[in-house]
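Which chain is which? They are A, B, C and D, in the order written, and residues in each are numbered from 1.
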Amino acid sequence: MFDKFNDECGVFGIFDHPEAANLTYLGLYALQHRGQESCGIVASDGVKLNRHRGIGLVADVFKNDSVFEKLPGRNAIGHVRYSTAGGTDIKNCQPILVDYHRGSIAVAHNGNLVNAPELRSDLEKRGSIFSTIADTEVIIHLLARAECETLPDRITEALKEVMGAYSLAFLTETRMVAVRDPNGFRPLVLGSLDGAYVVASESCALDLIEAEFVREIEPGEMIVVDKDGLKSYHPFEKRTATPCIFEHVYFARPDSTIFGRQVYQVRKEFGRQLAREHAVDADIVIPIPDSGVPSALGYAEESGIPFELGLIRNHYVGRTFIEPQQSIRHFGVKIKLNPIREVIAGKKVVVIDDSIVRGTTARKIIKMIRNAGASEVHVRISSPPTSYPCYYGIDTPTRNELIASSHTIEEINRYVTSDTLGYISREGLLKSTKCSMGETTFCDACFSGQYPVKFPRLNCKK
Amino acid sequence: MFDKFNDECGVFGIFDHPEAANLTYLGLYALQHRGQESCGIVASDGVKLNRHRGIGLVADVFKNDSVFEKLPGRNAIGHVRYSTAGGTDIKNCQPILVDYHRGSIAVAHNGNLVNAPELRSDLEKRGSIFSTIADTEVIIHLLARAECETLPDRITEALKEVMGAYSLAFLTETRMVAVRDPNGFRPLVLGSLDGAYVVASESCALDLIEAEFVREIEPGEMIVVDKDGLKSYHPFEKRTATPCIFEHVYFARPDSTIFGRQVYQVRKEFGRQLAREHAVDADIVIPIPDSGVPSALGYAEESGIPFELGLIRNHYVGRTFIEPQQSIRHFGVKIKLNPIREVIAGKKVVVIDDSIVRGTTARKIIKMIRNAGASEVHVRISSPPTSYPCYYGIDTPTRNELIASSHTIEEINRYVTSDTLGYISREGLLKSTKCSMGETTFCDACFSGQYPVKFPRLNCKK
Amino acid sequence: MFDKFNDECGVFGIFDHPEAANLTYLGLYALQHRGQESCGIVASDGVKLNRHRGIGLVADVFKNDSVFEKLPGRNAIGHVRYSTAGGTDIKNCQPILVDYHRGSIAVAHNGNLVNAPELRSDLEKRGSIFSTIADTEVIIHLLARAECETLPDRITEALKEVMGAYSLAFLTETRMVAVRDPNGFRPLVLGSLDGAYVVASESCALDLIEAEFVREIEPGEMIVVDKDGLKSYHPFEKRTATPCIFEHVYFARPDSTIFGRQVYQVRKEFGRQLAREHAVDADIVIPIPDSGVPSALGYAEESGIPFELGLIRNHYVGRTFIEPQQSIRHFGVKIKLNPIREVIAGKKVVVIDDSIVRGTTARKIIKMIRNAGASEVHVRISSPPTSYPCYYGIDTPTRNELIASSHTIEEINRYVTSDTLGYISREGLLKSTKCSMGETTFCDACFSGQYPVKFPRLNCKK
Amino acid sequence: MFDKFNDECGVFGIFDHPEAANLTYLGLYALQHRGQESCGIVASDGVKLNRHRGIGLVADVFKNDSVFEKLPGRNAIGHVRYSTAGGTDIKNCQPILVDYHRGSIAVAHNGNLVNAPELRSDLEKRGSIFSTIADTEVIIHLLARAECETLPDRITEALKEVMGAYSLAFLTETRMVAVRDPNGFRPLVLGSLDGAYVVASESCALDLIEAEFVREIEPGEMIVVDKDGLKSYHPFEKRTATPCIFEHVYFARPDSTIFGRQVYQVRKEFGRQLAREHAVDADIVIPIPDSGVPSALGYAEESGIPFELGLIRNHYVGRTFIEPQQSIRHFGVKIKLNPIREVIAGKKVVVIDDSIVRGTTARKIIKMIRNAGASEVHVRISSPPTSYPCYYGIDTPTRNELIASSHTIEEINRYVTSDTLGYISREGLLKSTKCSMGETTFCDACFSGQYPVKFPRLNCKK
């Protein structure tokens, strides 16, 4: 009965700026890649919280100026979300906003709690009624029942019950609170703009609003911002930080700096390392656009093989796509990518991608490249084999859908029909990050199966 | 009173295929870059024409399966459109579909007629009532009044009155007709799929539906397809063909083949030629994504300077964007592009773009690159200075908004604040196309001011 | 192929009032009973005509204040419409608004033209392209081709070609024209408000805006209003006026005064006359609400039998109604009417309605009344048997659907299962109108089959 | 802080019928007069509850067949609602549907709880988080915290905490429960259809679906229906029943039978009693349509003065109505009613209405009647002066807006400008109901100020 529902998300918050809601909109715009299904903003004018949210992209949900008139105030938080959990329902859109006996509070959450089902069941037995299926609502109910006096203490009391990944932004009538879980799975950065404090999932959101990057919020840190300024707390027991390596591999925007390193540069280094580990005699290096481009540039640079755009991406691909009814053609990949025969024909081609999940897409792309005339196709992947599902906020399928969980690399090579297949090694991957975070390591559970936070029912998704 | 209303458009048609409407949808999907404002499909079941059209992207207008149930039949044409003419109104969406005394006819049009206002005025004086502001409706009214007996003759009779650019697809209950104007300004290709004939603005639409590329429809050629197969006519007086060079510079998709040449390859050659004409001592070559990428790769290849992605594009940028109200910041460029400081800082940068229109965007991008720490910024443009407006279907501003119409290259260089600025020469541009079209030349009126088809009131937009 | 498409409609116009669009909205509100399917307003600010129209009731189509900001100007016309012609399409909503070589013109039309198909066919052969399926567009095309110099002359030139029923309101940038056909089939009244002239289908629209009733526009009269005031013309050959008796029987609102007589009073007199013609021994008189109420009051008054509301109408009945799927019940009448058993049980009941069309509804209502315990049911109809379809603007079914066209009164009595059935006589009906219109007679073609305006293809709907 | 938020509502439920959702739709259709703002249905297929609800009339919210496909199952409850509480928000639409630790439960509520604010505050202090502003949610939270084992016991446990008016329908996966508060303020009837049990606010809903009327659910009774049939409980301490007299005066549909009496007949008797108490020399009796019609018929019958429809109601009046901007006219009453001058002019008129609230509408109507030429206007009201607000589910304004709370009848007579004004006496009113309910009395707090259920903060709305 237990399902792994992952919410890929981005959060943003700003405190004490005259254009709080509008800048939050811009911040969400920059974080759109972290969630395209729904979005929302809650703003506070010091007395009352107002919300606007909806199904759709940020530019669509906030397409009328008039929306911002309904979001007055100098403080705001926002959220973008993509959910794997069943149908899309407006009531599951964040930020969650509730009235409780101490006033109003809103929360935006990036990450996944591994003990949410148990906590929810306990709370319901004690009479709590849930309005959404989101993990995040568990935090709100714990907060409503917390008995400590101050808000930071109550948030701490609530969060000490939860386990898993969370980068959170809370907003009350008069305060903004941002918290990153003790493992620091998901990124969360602090910035400042015209004296106002800003929090965001990635630094690219600071860039867009021309806010200054101050520092990353630390694993286990709680930031409280109110009229008296910013206070920092470390209310949780200290743990080894384990930020998510997959943010660098795929999820974060290449122009962001997270976990102490610039993403585009890290990805190029993945490509160079791949070239060192898996050299091959070839004519051209082509990326799967757009995620494979930095690694492909790195591979080309290190190997000396020319980089070409052999696959052109259709930039208008959205979620809906209606296939012809009667034919047996499958357009899943073709609708997104089209090979240029004149570039590929007769060539030995190195194809770079960030990961292989089920193998079906890779197989189709390789077929497409061969149909365009490639004489050889060598696939190089800028991450190790993805063998284990993520429980901390990245959307991966269940274990038995992951081709690498049950197949050797050679078997995968045969399945996807490449001439050769090379994955970057786990060591090469970590070395490439050159992470400057001191004793920090990375969570690479999706490659290693070593989950840094245990969960009550391990076998659920295998 | 006369305004230059340009409709950038794409057309598609298919005759005698069981999934006509659905394949037309796919074809429009592949042609979406030619017009994002509205789209439509008309299908014929042999007896009746049905239409669905709407404001928005193809995936949005055709997002329900049920739409296709209302478009039965083995024949269909479709259209995507972006218009510069005032507000967006569903009644201006194409294909135009009318009932007239000989039955029903639909038409989809890419291009612009230079004598449409005169023709419209004449027709109105004779009692015609227009429903739209589109040039295309002139053709329909001429057709309704044409006296020849056969459909091809009537279409010829009508088209002999019009001057300008047109790639047209007509659909009646039982026939599909495709026509390209004698100058061949806009592309139009012929394909075949499972025995059905297909026409499309660009070959990338054939690729998506896995149709075979047969040939380009020739300038001045009319193709008539009915149950007896395809017939070709050349009803117009022979002229020198002048296809639009700007399709190769910017408008067409890089994976298309038009006017006899593969677009991506042509653009790379533009970049190589630019490098030969305007070499510079620099550390990195970066494109303005995505249009500048092929030329930047060519420039890097020829010059030996490394190619880098120094500017990251936000893929979720749509048309609507609500700027902060009170601040003086202008987000026009930032919302689309973000520089990576770590790539650019301290570097001498060559920036490649396809054209400079007003100069304001280039100026902002260069400022952004300098703010990211570039020590020098050298701009290279893969087309000659754009000094004249287009009257044949590309959306360009009026002449006095075109910076190159009134400024020297050195003045532009100062305005956009580049260290050096180099445009490819007109000769270099044409040489790079290596066009295999025999006596064909190109229309480069936007660079040269030499308009191959004169129009009644020339000074209208200067 | 020829179908009788009847548009039941109401028209309104006002010239030279600062709140022209808003008062037109109110006028349409009062005329809503004449057409509930779509509505629209065109307003003129002296230079330009603007339109807003939509599918739905007046209160829904004009539910936002902002709509009126887009309808500036001191002059406006409006239209409400119910059409029997196939699907509802916004393009068929009136007023029709077109640009032609002399400027812009809008028209709102109540009535039906009997030679519209022939005129349309002729116009199309001469190259006209129609945008709608409305009769009214024929008038517009004739107008676009008219050669006279002045607007009144051109309108006359156009209208001399058409045959049938029309009460028309035209609006140009600077003039309002109202015309009633020579037979005067449909009502059209003239009023004044604060010095502005008003035209409306019924006087109840004048009442609502507190305009003064001036007079009825005469059959064959054309009124032209511009900055110089009102001019009256009689451009057509004089004919015997034949206003529609069914307006008094059913269609007009009971609080209106049309064709020189107050409708509620006329209907009460119908009831009194019915009592004189078809007396019966009974306990109570009940109306089919709401249309039968005045006649039932008259019948009760004349007969001395008490009036009761034995059937209660659900005021929220709209067009859509979804019936249970699996059951065989038919809710068509029950959803609108519910009998009160306590009023009816054990009683001899006289039931009054205005007409019987197919007989199916009457049959269901009588069954419902018997199920509620009535011991006898005597049906009295305040019009003669409806044996012929209307071609002049009232929605009636084809002849073979009219039960009275092929059945005697005794047969109808048996079919609807009444104990006795009595229709008012044709003489009684006409006498009851006590019409003060001089030599005027009424069109009662629906009862008599004597059509005052012949039409090209008579047998079309029989 | 405390506001009197009244929800006027209707409820419906059916258990074990193959067309449960569809019949619920019909039931709500018949109960539409009890609430026009929003509506909803929850259906159970034995395993899962599904809901559809929306803002708008029943026919609009359920206008597509496809809605019913999403409401499978043999059990359903529904709700129509009009709320006085601020803006309309979908989240406040009923039925409320929640998941809690024992499964899912839905509830539809007619009535108002007088201690809801206190209960809500207590629950929130104990950690409950509310999603709506509805009283009804208090019941749900009490239920979630109830500790009894069986559902009937838990509902009883919860309802013992609440005070006020409630007719409730609950639905779980496998049971339907209906409860009427011990005072029996609001009606609730029991019916049966093809072996299925039905509950509804009024008997007119049974009539429409052709269900048999079984009996009224008694004050303080709880009905539980499941696969084993129907069980009846009386879990509350016995109190004197005090059904709402205003249901008979105004709120219920005239074709319903509630509290043991047929509404239309009761209203006619109110009219006869009025005639006996307040005779006057007059020419005609006219009702304010539609609510005044039965009483006016009774008055006419008793007095012998002829009944006439002197005011015609516009049946298309909805909620939205946009008044002219610049003028000082007020259209509030005119938009609904239009007098017929020919009926009224020169007459001494008795006008019958059900109640006078603020007096402003009565004043406007009387002015309108005088403008139509009435020589005398005698107002007769079929209820005593409304001096006190209702706290049990009828929408009345605050006490100081009720004209009768601070003015004598003579003062009201002068304010509304009638010649004479007569209200039925409290004794006459009660006598007219001839209620067969044994020891039952009526709640007439709105006339007498004697509130049968006290509330914590009495002076809130005075």
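Just so it is clear, a residue touches a chain if its C-beta (ideal position, glycine included) is under 8 Å from a C-beta of that chain, and two chains touch if they have at least 3 such contacts.
Only a predicted model underlies this, so the values are computations on that prediction, with no experimental measurement involved.
Touching chain A and chain D at once is no chain at all. When every chain is reduced to the mean of its CA atoms, the largest separation from chain A belongs to C. Rounded to a whole number, the gap between the C-alpha centres of chain A and chain C is 63 angstrom. For the pair chain B and chain C, the distance between mean C-alpha positions equals 52 Å. Rounded to whole angstrom units, the spacing between the C-alpha centres of chain A and chain B is 36. For chain B, residues touching at least two other chains: there are none. Pairs of chains meeting the touch criterion are A-B, A-D, B-C, C-D. Taken in their complex, chain A has these residues touching chain D: 98-101, 121, 124-131, 140-141, 144-145. Touching chain C in their complex are the following residues of chain D: 18-19, 22-23, 25-26, 29-30, 32-33, 36, 57-60, 62-63, 65, 68, 204, 207-208, 210, 253-255, 257, 262, 264-265, 290, 293-294, 297, 301, 306-309, 312, 314-327, 329, 331, 334-335, 338-343.
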